[in-house]
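Here's a structure for you.
Each chain gets a letter, A, B, C, D, E and F, in the order it is written, and its residues are counted from 1.
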């Protein structure tokens, strides 16, 4: 149930009954030569909608640009400073809470957003608004381990499978080889245990991390289903908590 | 041509050739009992896409939540502070310019956003990024005067017609009467020439301004076509300007 | 009754009885070759004082520099960023309210200040301080239509008449012709409905908009009297409102 | 020569020739029961104008409200946060410098402003704008020692004399006794060398520090003349410096 | 070589020759009932000094309070907001760079600081200052796996061993059992893959994570030596890089 | 009693009993060629600890870098902007107060910090946290007058004596002559009563103010003892005050 698609009369009913609001937060950033720039926001939106179909959670409009400055050397990457992303989602969450629905899940499709979203959640909790950050690939490690044969955290087999499931017409299969040729084996570049790869281009020539070749739409469907199921389960838990269980614990006596 | 739907290889080509980028900026806010909360962002997006179909301008992902605090008493309205909206679109425009495309039009679907967008444009111009605010209903006064029989600036005949053209399934025609009964005849509430209506609810019981009853999809199509045509014409003008003509004039000698 | 000219003993009495405080806010900016840079703050101050003479409203000290960056290419224009102006008047209004007088009118002499003043008023209302923006020329459209023969919103017949009434010794009549020669016929520069004139110098060679030649002190007196009368009427209305009528309306049930 | 009173044609000439701009910065705050709230801005303005009469320095419009929160318990005191005052004068100084006059003296009439003004000056110097803080009573200690019989730094003999010279009609001589009865002997309240008097009311019942009774207009004239003379002398020095002498010294080799 | 302990004459020599500056950043926060609140800053300082002994790197004064709000329910925990920590270390790094030493390692003793330090490093890199975040336990996973028998990331065997090596007099061995009894087995509290433990007290009754009992000073020495060695190795790598290798890569052609 | 050296169990007891917390705030900045850069934070720490030994006040970890930008031309000087220092100590003081100890003394070792610390104290007082700025040399003028033969406020006889008492191994006596040769006789550089010496290097070639030659450890001990005694006396006073006596006085009736 998308908030954008209903009027205020229906919104009243949904806000009072939904229990949890889902805010998809993604990015518009390079995903190798073969995946669309909107991969992350499309994925976040797809997972949120599928979870909503299961549990009736209220889906807020998707935040399409996030903290992606580290991809900026690649054509088309958009970004805002992390503090601006934080303040943007804080604004939205406060607004939702003003209508009586104070439990929000940031359905996050981009790893680079996580710090800003956690900072937002922490700030909101001080005001009695209970926001949580759902990073989909962190929630389903077993399924990923089972489904994904190769690896690669960015524009690799996992993300390519997901886009094949969501919007296959946007995947350029003819560029898999090019993507893989310049891909990094894993995220980042460490020297004596220190991360020195501040920008993706520090360690990946094509922007990809991992080989997309083994990706299939069926794998993507499996991942999306698992992610949506887990998100739905979390929302059930969240909506069932008494408010006191969500509040920060008191100071030690 | 949506930036979100292409990869960085195509993005390079588009960024270097498009001449102008369009950033749809809307809101998620009450639009009377009969129109969806996403009316403004859907409209901005629709106009940007139609203009892009005409002139090939690059369409950036839609900013769905804006400066709508004055609608906050109505269920479902979302908002961010104007400064946050300003900073969010500044971030996006700077990112686009970093890829060599420094002419951006904010395609604005919500009047309350205008001040923040103008402030963004002014700040960007200082750094050689040329952003302009396209407020669609300001660009086509003659067509509006011709098409719209009644009046009303918010959720009235004009906006209802547009949504009937874009997404008729989201319009609740059975609520027109309810909307009109509580509607304000015009925007705001002035006392001795001073605007004292800070919130929509100060002057409208249902959130609407004007009667939606005369709305038709055909009128909406006419408005959208005119708005897209005018936006396309503006983009042609903008892309044809030499950069010096866009820069601030120098100090008087 | 100027607050600056009384001590705290008298101030107590005035603060508790005045009902409304007036804060003149102007600018120091070019007004064509013939009018003084202080035109806007002098006008705002004059109107506030005349209204105070009628109704006994408390006049706060004049804020002399505002949001005039768009005039910066002309010699002598001063400005502060809009956010700074907003915070400056917020500070003053909060201080007045701390003494028990929580109804304030920003008597605005410069159109460029309006957005910042409205933002201030909106922020103050959240804290139970009721500020309103009085833009004098918006309050008396009929009188202006009747008195002003030509037109021009900046340094034209209207403003020149006002300065002739307030401080005729500061008007350089011998420069009327020069002003008119380079004046714009109206404010701004629109291309396909988009405002592209970010700076006054984008559309006016001398900084004036309209021809000052038909200006007379008598017209100026008429305008000032009307503006003061309307402001006084607004203050009467404001001081008569119960506080609940000024508060934001509650959320819809 | 007041900038407010001339048009941009004259302003050009003055900006290019004046050498130094003077920005009077005062406050609107309690000055005991006998002096007007505007004492500080009136004094700063008077000294700036007198110095300008001597040396032709360009006088900018007076900033009437400053950092006076510590007087807030007394009726009528206005204030803005120190950071806002700092940003306000930074804006004005940058504007003046944009017209080619980059030497500015903040003529300060209120001790509480000094920190904010120094912070502004320091920030401006980083950008090649040379601002200095002239605190009038610090510049003429010998004259003060000679003229002032009693003492008291706030609303005492010294300030009362000055207002008697500037605006005798605003001095309530019949309240001298009341002022003196509740006055503090000196500013602040120290305990074991620590200042614990955060607010004036922590140590003064009437807001005055020192006894105003020995004040005379003649003493005030003497003080004003000396302060203006010293300010003029400083401006001569400042305008005579080569720019390199004003820049921060380079890092040690 | 501590910068604090030398004068500016020696500092010149060290700044020009050291190649890398080390800024220990820690926290003052609860570390179970048995470890001192200063554990993290003492550890960071100890590692920095030991690395400096090996390679002569310049040690800056220790930042003792960091982003520890999540420990606030435990007596004595101090913290500053993450943005303030970020700005504080940015200031210090800029200052060091102003003296010609533009390579800085934040030697981080507290996991909660990492996001703020990375944000600082990213901001500094934009200005040609090359800062890196050394999180000591991330740099020596093999040694930790070898040395630490049990586990626990906070006030467990690992940290207790380190404090036993640095300052054994501050360890309250008689409280090990109490610490272990209320300790969490691992950091955080996840529900369906979502971190819901915003505060340490959400998942640990005593503030500890893991059992300190197996800790020994010898283990601590081993950990410190390894961490210092790895940090020294990183500094050698860093100081040997040509500046171009540290700059962000250029935009894709 | 250093907070850093105890665990949370002891901290509870100390926080509830100490009555006052001491936060040493210093700087890392040039102190002539003969004194260490850490002079100010070492001094502040030493005084706080000695006072704590007398009265049992709780000593917080030392803030080692402050507002020292004006020393930046000298090798090794570190600094943060004053606003960042202010926010850093505000954070710490709020944290202490969250544990029930809301009386804090900033034990300040660097004159340049004073404005920022006072601003912090003022902000904290609004929230019922009572912070005071102890500037040690201001608290013991008689002892200084008695002990110090020459003069000089920075790296002169007084400060050199103190470091001789605290850390004699860090004093380079062989550089006294060099220090004195380039020293300024007193702080700053005034022209017609205006401070024009924004940077120390504007008036001192070696960074010193005054001649260190007459310094002795015995003098230093005397100064430290007096400063600690006075601080202890202040803390006794502070801890004995009823909370109402510390709150801001109410508005005048």
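The rule is simple: a residue touches a chain if its C-beta (ideal position, glycine included) is under 8 Å from a C-beta of that chain, and two chains touch if they have at least 3 such contacts.
Computed from a predicted structure; not experimentally measured.
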- Item | Set of chains whose contacts include both chain F and chain B | A, C, D, E
- Task: Determine how many degrees of rotation, between 0 and 180 and to the nearest 5, align the Cα atoms of chain C with the equivalent atoms in chain D.
- Result: 180
- Distance-maximising chain from chain F - centres being C-alpha averages: B
- Message: Just the number, please: Cα centre separation of chain E and chain F in whole Å.
- Response: 27
- Separation of the C-alpha centres, chain A versus chain C, in whole Å, is 48
- Task: Can you tell me which residues of chain C touch two or more of the remaining chains?
- Result: 8, 12, 72, 74-75, 98-99, 251-252
- Message: What's the complete list of touching chain pairs for this entry?
- Response: A-B, A-C, A-E, A-F, B-C, B-D, B-E, C-D, C-F, D-E, D-F, E-F
- Which positions of chain E touch chain F when the two form their complex? 2-9, 11-12, 14-15, 28, 30-38, 41-42, 60-65, 72, 74-81, 84, 87-88, 91-92, 95-96, 98-99, 167, 170, 172, 175, 207
- Inside the complex, what are the residues of chain A that reach chain F? 251-252
- Message: Looking at the complex, which residues from chain B come into contact with chain E?
- Response: 8, 12, 98-99
- Task: Over in the complex, which chain D residues touch chain F? Could you list them?
- Result: 69, 72-75, 82-83, 105, 115, 118-119, 121-122, 125, 132-135, 138-141, 191-196, 198-199, 201-202, 230-231, 233-234, 237, 248-252
